[in-house]
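Letters A, B, C, D and E mark the chains as written, and numbering starts fresh at 1 in each.
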Amino acid sequence: MAHTVRPSRLLKNLNAKIAAVPMMLTAVVVFFGFTLWTVIFSFTNSRMLPRSEWVGFEQYERLWSTRRWLVSIENLAIYGFLMLVLSLVLGFLLAALLDQRIRFEDGFRTIFLYPYAVSFIVTGLVWQWLLDPEYGLQKAVRSLGFTSFTLDPLYDPNLVIYGVLIAGLWHGSGLVMCLMLAGLRGIDEDVWKASRVDGIPAWKTYLFIVIPMMRPVLVTTLVLVTAGIIKLYDLIIAQTGGGPGIASEVPAKFVFDAMFVSQNLAQGFAASTMMLVAVIFVIIPWAYLEFGGKKNG
Amino acid sequence: MQSNVSIKNLRLEYGPVAVLKDLDLDIGKGEFLVLLGSSGCGKSTLLNCIAGLLEPTDGSIFINGQNVTWAEPSERGIGMVFQSYALYPQMTVEGNLTFGLRNAKVPKDEIKRRVAKASDMLQIQPLLSRKPAALSGGQRQRVAIGRALVRDVDVFLFDEPLSNLDAKLRAELRVEIKRLHQRLGNTMIYVTHDQVEAMTLADRIAIMRGGVVLQLAAPKEIYNRPAHKYVADFIGSPAMNFLDAVIDPREPLIARAGDLAIPLEHYDFERHGHTGPVWFGIRPENLATGDAANSAPVQVDLIAELVEPMGAETLVWSTLFGTPFKLRMDGQARIEAGDVVRVGLDPKLASIFDKSDELRV
Amino acid sequence: MQSNVSIKNLRLEYGPVAVLKDLDLDIGKGEFLVLLGSSGCGKSTLLNCIAGLLEPTDGSIFINGQNVTWAEPSERGIGMVFQSYALYPQMTVEGNLTFGLRNAKVPKDEIKRRVAKASDMLQIQPLLSRKPAALSGGQRQRVAIGRALVRDVDVFLFDEPLSNLDAKLRAELRVEIKRLHQRLGNTMIYVTHDQVEAMTLADRIAIMRGGVVLQLAAPKEIYNRPAHKYVADFIGSPAMNFLDAVIDPREPLIARAGDLAIPLEHYDFERHGHTGPVWFGIRPENLATGDAANSAPVQVDLIAELVEPMGAETLVWSTLFGTPFKLRMDGQARIEAGDVVRVGLDPKLASIFDKSDELRV
Amino acid sequence: MADATFTHTTPRRIWPADAAGPRPRKRFSQRNIIIYSLLAVLALYYLLPLYVMMVTSLKGMPEIALGNIFAPPTEITFEPWVKAWSTVCTGLNCDGLSRGFWNSVKITVPSVFFSIAIASVNGYALSLWRFKGANVFFTILIIGAFIPYQVMIYPMVILLREIGIYGDLSGLVLVHTIFGMPILTLLFRNYFSSVPEELFKAARVDGAGFWAIYFRIMLPMALPILVVAVILQTTAIWNDFLFGVIFSRPTNYPMTVQLNNIVNSVQGVKEYNVNMAATLLSALVPLTIYLISGKLFVRGIAAGAVKG
Amino acid sequence: ADLEVTHWWTAGAEAAAIRVIAEAFEKTGHNWIDGAIAGAGGVARPLISSRITGGDPMGATQFTHSNAMNELIEAGYIRDVTALADAGGWREVIFPPSLLDSCTSESKLYCVPSNIHSQQWLWLNTSVFLDNGLAVPTNWPEFVAAAPKLRELGIVPLAQGRQAWQQQVTFNVLMVGLGGPETYLRVYRDHDAEFAAGPEVAEVFAAAVHARDMMVGSNVQEWNLAARMVTDGAAAGQIMGDWVQGEFEQAGKVIGTDIACLPGLGVHEYITATGDAFFFPVSSDAGTVEAQDALANVLLSPEVQVEFNRAKGALPVRSDVDISGVSPCMKRGLEILSSGNVIESVNTLVSPDTLGRVTDLVVEFFSDTSFTPEEAQEEFAKIIATAD
């Protein structure tokens, strides 16, 4: 018979290991190696081309004294927080409405989901037009006789990020709805019955029983939404270009501009390293939530 | 018997399919009624209608004399226990027990009192501060019962509460539920497809098939005098043996099966003088073997094809006139495959069904 | 008896936890061995080791005399049937049966022949072109057995093949598997936690607990002379009654339980002269009632607390010296809760276990 | 269960709004009115942009200058569509979006194929073969899903340069495959984890190896999740802007980049109608995919994507 | 051979201009592959440089004169065209010579200038003033004074696109025009932070506040849309480089009569004479090199210079070509050039990084009315202190 002695550990599942080589390479070279490279070069004074002249934390000091960076961070914080909360709320609301055994469920679901199919570029452009005071909603409402109606968030530095949020929500809440709906459908029908027998109103059942039961779905959703928020870039490019002024700048754009427009790679690396640090702070609690209690993935 | 839950002409349709077909049922106060039937026969549907979780298409439901057909589940005075427990996973056991009461604004000390009583009764006091995930299956089911208990209602509904548990636990909890019923004296309606549960728990059993009740009677009656071939076949394990027989109109007191002539003068007819093709049914445990066989009115010799020793008893599989024929013998009986067994058959203990409508004759 | 599957010193650890602890087992050619034990005792783990689906930490496995400890599952000459059927959902029944053969590049007509034979034996010919989704549970399980059958192997492994089926179907398929074994004469290793299956199918039963085999013996032996209190408790439904008793060194042939003195001169001791605290165990079906009670060596009067009529028999729940005590009576016995029953107890039929090591004395 | 909801006779769950007491049923309860009006209002928010784009893209420039964006076109013209597709200029290239469209196809098809092929094998190996150390790589990969692309772009440029495929379609395909890997692998891993392990064991007893099990057992079973993956990847890659800008040369620009160019190359008056037609054109493929297979998407998500 | 040429000339007049070059180039038997990148230099520059460093260089690329190219030149990515220049005698014909200096490194030439642009212009729609009974301003202070009246009439005094580079241009035009060349150079050439915090620069910031107020209401992004506001009469003026003339002319305006121009804002008449240039990434492909040679020669051929610059509204880089027919404003520009009132562009004075920081500051300042000039100047001085 083929194996009478214990085969070598390395050769065990050899095919599986070979098949996983692309993944290992990606993980080690790209996600780990590249990130490390970027972090290392953020301590140089590289300009247009990477070079290894060490300058310590100089890039970071400069970064944190740059107004545009601070504005970017603040914008991302506002957008991220609101996007997270509102897309979860809106997505859940939509899913809960669709879960009421309504008619035309497929139709409504498609309506809520289709924005997810279009690119951020399209999303940004559309909402730029809709929120254009000379052309879009404001003009339309004014022409109905409400002449004092104002809706021009994209031209108000204090409101522009909310204008972006409207577009972001439009784009992303459909997917959240989809995930939530799957979660709701996965909940034991008997729990609903039990709460009905207990005489608990529907909203309370959702709030105190159903939502806590949907933790796995919520975690998945959270991961997807958060990963999307940090990468916020295309939408800004298409909708506001960072303006008015620098009022809607975001870190991803800051990095891009620093690396390619200002040709200060190291500054861009420093900024992206800061983004990485922020991400790690997001991931740690998530990993804890996800894997903390139980073993085995 | 004063009727506590009363169902009149209940009909429920899913589109063109009627799941409950003009069903009538009266359940007395304090009665333990078991709804028994195979999967898909409409037991859960009926229970959900009584609970108010499904809207019937037609008919009405009375609880304590009041028409509750359109009332909210929480207003019907019912408590319900589910197969999957349906505990609220993120609340403690105490939270689970009290959620409904707190919601109904029951005073604090009243809640306390009821929880104490229920948890005492079910011996779940040490678990009160745990979450359901930290409980075993049996404990969860006990909490689920407790949740119904604290509602202080007249009618308890159980939907296969034990079928997710393993055999040992099932037997234990079955006894607990029976005891609970004896102590509380509430009306209980209990859905199951396990005949042992039905036989041991019920005051009366309603056997359902295809949305109608085939027979509603006490367990012994159902066991000894099944009204329908389906009931006879469904109840009893191993199932009843059926022989293809004919009652000739010329000799209405003899059933002929194969080359046997079975005298029926001691058979307790439901429909006297019935003739024609029939199923002659006899339970494996009602067949006499050994010495007793020789004194039975009818005797046959069978070849044991397969012997299943099961500890306390032994099952023997054989064939008679081309159909499988089982007998149940004592656990210590020494018999092996290939042996010939003389079997005695007492028509008094048999059940005979008309072949066309499958009803008892 | 020539040994076909032989397991030596098998050890399997998940991290620090040893799931199988230096387990030894010899299974004879053509034997039907059942692994019985409660959930989590390591039955599936052992079976998976034999099949080559898990790598043991230590020890070795021989099949047909060859060391296969490190061989691929497909090279071991085994066929396996799983609890969840594990049919390939996108293939037809025929595809399912032939997948392994096609993998092994068996010639076309040989495949045809084997499929014909297996499907004939299992009566699944009409199903060959259907997908598993279009089959009932019983049919699926039959196909799963067929898949093992066509491999034409010496050893069949079954992992709780029937536990996903309903009671009626389970009883039927059980008989089929038994017949299959009688016809094929293969070695079969069958995992279950259902004692009825174990009792009826097995040539020998290995009762496992916590990764070790507690007792390996024929069903009757296990039922009548359990070697361990756990085995005694596990086998038999309802479970054996246990009385807290003491054998005084001064009178080694009397066990005292409560105010009873039970003479042991007819008890078949395993460890002669054993004294000290013991469990005195007696099965509910070995208790005599009625006239027979009066002629038994020991007699007690019990109050029936709960009566469970189960058709062919009736269970009576009572209490003796503070512990629950069950008796099993005839199905036609007329008894109700509250009645006093005289019970006769024959030490010859009892099993006694040492309290410290729980082994039979 | 959804299928049954469209028949009149379906018994409803009774809800609090239906209250107590014997009373006849109403077809439109208060509850339904609230639900449907909420849904209608929300649907408006989601449909508004599509409506405006549609309507505007069918108007002529004079009408746009005058009118209300919500007014339907008085005279429908398809000229903006034609212009957007085939004649609008970026610099000297006046072949509209059509070139970008084919570029997008050329980028999307291989990228979707390779990223799914690799990720599904990863997910399969991770969930069923579980070799030592696999989880370390997987963890890095998942953390990688969060890392902003900006962190990795520059070294990526260097890598592609060193391999010699910078600016090539193959380079872009590689980039999409790499950055699509985390989420897709997670998706497939979760899905394959929910496949009964016994099936895998049965196949091993039947003598099937790594690839045989993958191709003949697992892949055919993975249809729901494949649909999800194809939809997600197609839309993500089709809609990608950043990688398209950085890793391709103008002759290879995907549609999104071209769209941005066209919309931003203002020559005289802003031609809203052409821009919107161009926008709709660029969104056409993913939109069609969603409209056709949205139901499968939802089902697939429910089947495997949701488990944590 | 095929030659891919990247550029960001996508606006109407610019596109017409590049077509002139492309057509002339194709006459030499080579094939022009157009690599237009929309969205101005800010979008295009990174793409161009990442393609060059990424090993996928285009055949040639348009670029503004700036330090941005220096690193690429130093790293050896850009072709040395000294030989071509010597053969074509470029040093003799190109005027002003500073055009070549800015892309000369270690006495080797790396670019081919194509046109001269000057940024320091204020353009005014004369009919807006005259129709409303106002005099056409002749300098910045007069323009500021007229602003309130224009506002009353519902006219935006100053139309400016909101893109970052335009705001930067606006600010630096104010710096040259109002502060004068000394101020400008002390800040950007000498990086004199103390001076940058001083009163001269404070005046520039004060003017910037005026500009900020005058810009309210010009909610457009692109410069050509801002130009359109001017030609439509929705706005009165625009600060923009001379390339904007192309847009005015396309709208049917006559430069000099319909549109008035004030170089150096009519205060300090100094202009930068920088323009666009073409760079040739190093290529090992002989065909490509040949095509590059051809393009270099086409760019500087007198016919192309005339036609191209006429279309683009820029000045030719050769002093020996016929410039009859250029607008009065261009003539004015040429005069200023000849008189030597030329200053270096910020692009060549400071690094893109420094300029980027200045741009960020200016952009924020122009968009946020609560940003006081004092704060802004303080920030500005900080940037200058670390400028390079």
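Rule of thumb we're sticking to: a residue touches a chain if its C-beta (ideal position, glycine included) is under 8 Å from a C-beta of that chain, and two chains touch if they have at least 3 such contacts.
Protein identities per chain, from UniProt: A = Sugar ABC transporter permease; B, C = ABC transporter ATP-binding protein; D = Carbohydrate ABC transporter permease.
Note that the structure is predicted; figures quoted are calculated from it, not measured.
> Tell me which has more C-beta contacts between its two chains, A-E or C-D.
Higher contact count goes to A-E.
> What chain is the most remote from subunit B, judged by the mean position of CA atoms in each chain?
E
> Quick one: subunit C and subunit E, Cα centre-to-centre, how many Å?
91
> Measuring centre to centre with CA averages, how many angstrom lie between subunit C and subunit D?
54
> Report, in whole Å, the distance between the mean C-alpha point of subunit A and the mean C-alpha point of subunit D.
Spacing between the chain centres: roughly 15 Å.
> Would you mind pulling out the distance in Å between where the CA atoms of subunit A average out and where those of subunit B do?
55
> Got the subunit C residues that touch at least 2 other chains?
72, 75
> Can you list every residue of subunit D that touches 2 or more other chains, as numbers and ranges?
10, 12-14, 16, 158, 260
> If you look at subunit A, which of its residues touch at least two other chains?
Subunit A, residues with two or more chain partners: 196, 201, 256, 259.
> Which of the residues in subunit C end up touching subunit B in this complex?
Those in contact with subunit B are residues 39, 166-168, 171, 174-175, 178-179, 193-196, 199-200, 219-220, 223, 235-239, 283, 285, 306, 308-312, 315, 317, 328, 331, 337.
> Please output the residues of subunit A touching subunit D within their complex, sorted ascending.
Going by the criterion above, the answer is residues 9, 12-13, 15-17, 19-20, 22-24, 26-35, 37-38, 50, 93-94, 97-98, 100-103, 105-106, 108-123, 125-127, 129-130, 135-137, 139-140, 143, 170, 174, 178-179, 181-183, 185-186, 192, 196, 201-202, 215-217, 219-220, 223-224, 226-227, 230-231, 233-234, 237-238, 251-252, 255-256, 259, 265, 268-269, 271-273, 275-276, 279, 282-283, 290, 297.
> Per the contact definition, I'd like the list of subunit E residues that touch subunit A in the complex.
42, 45-47, 49-50, 53, 68, 71-72, 75, 162-164, 219, 221, 351-353, 355-357, 360-361, 363-368, 379, 382, 386
> Please give the residue numbers of subunit B that touch subunit A in the complex, ascending.
Interface residues on the subunit B side: 48, 51-53, 72-75, 78-80, 82-91, 99-100, 103-104, 147-148, 151.
> What residues of subunit D sit close enough to touch subunit E in their complex?
Touch residues, subunit D against subunit E: 89-93, 157-158, 160-161, 164, 166-168, 245-246, 249-251, 260-262, 264-270.
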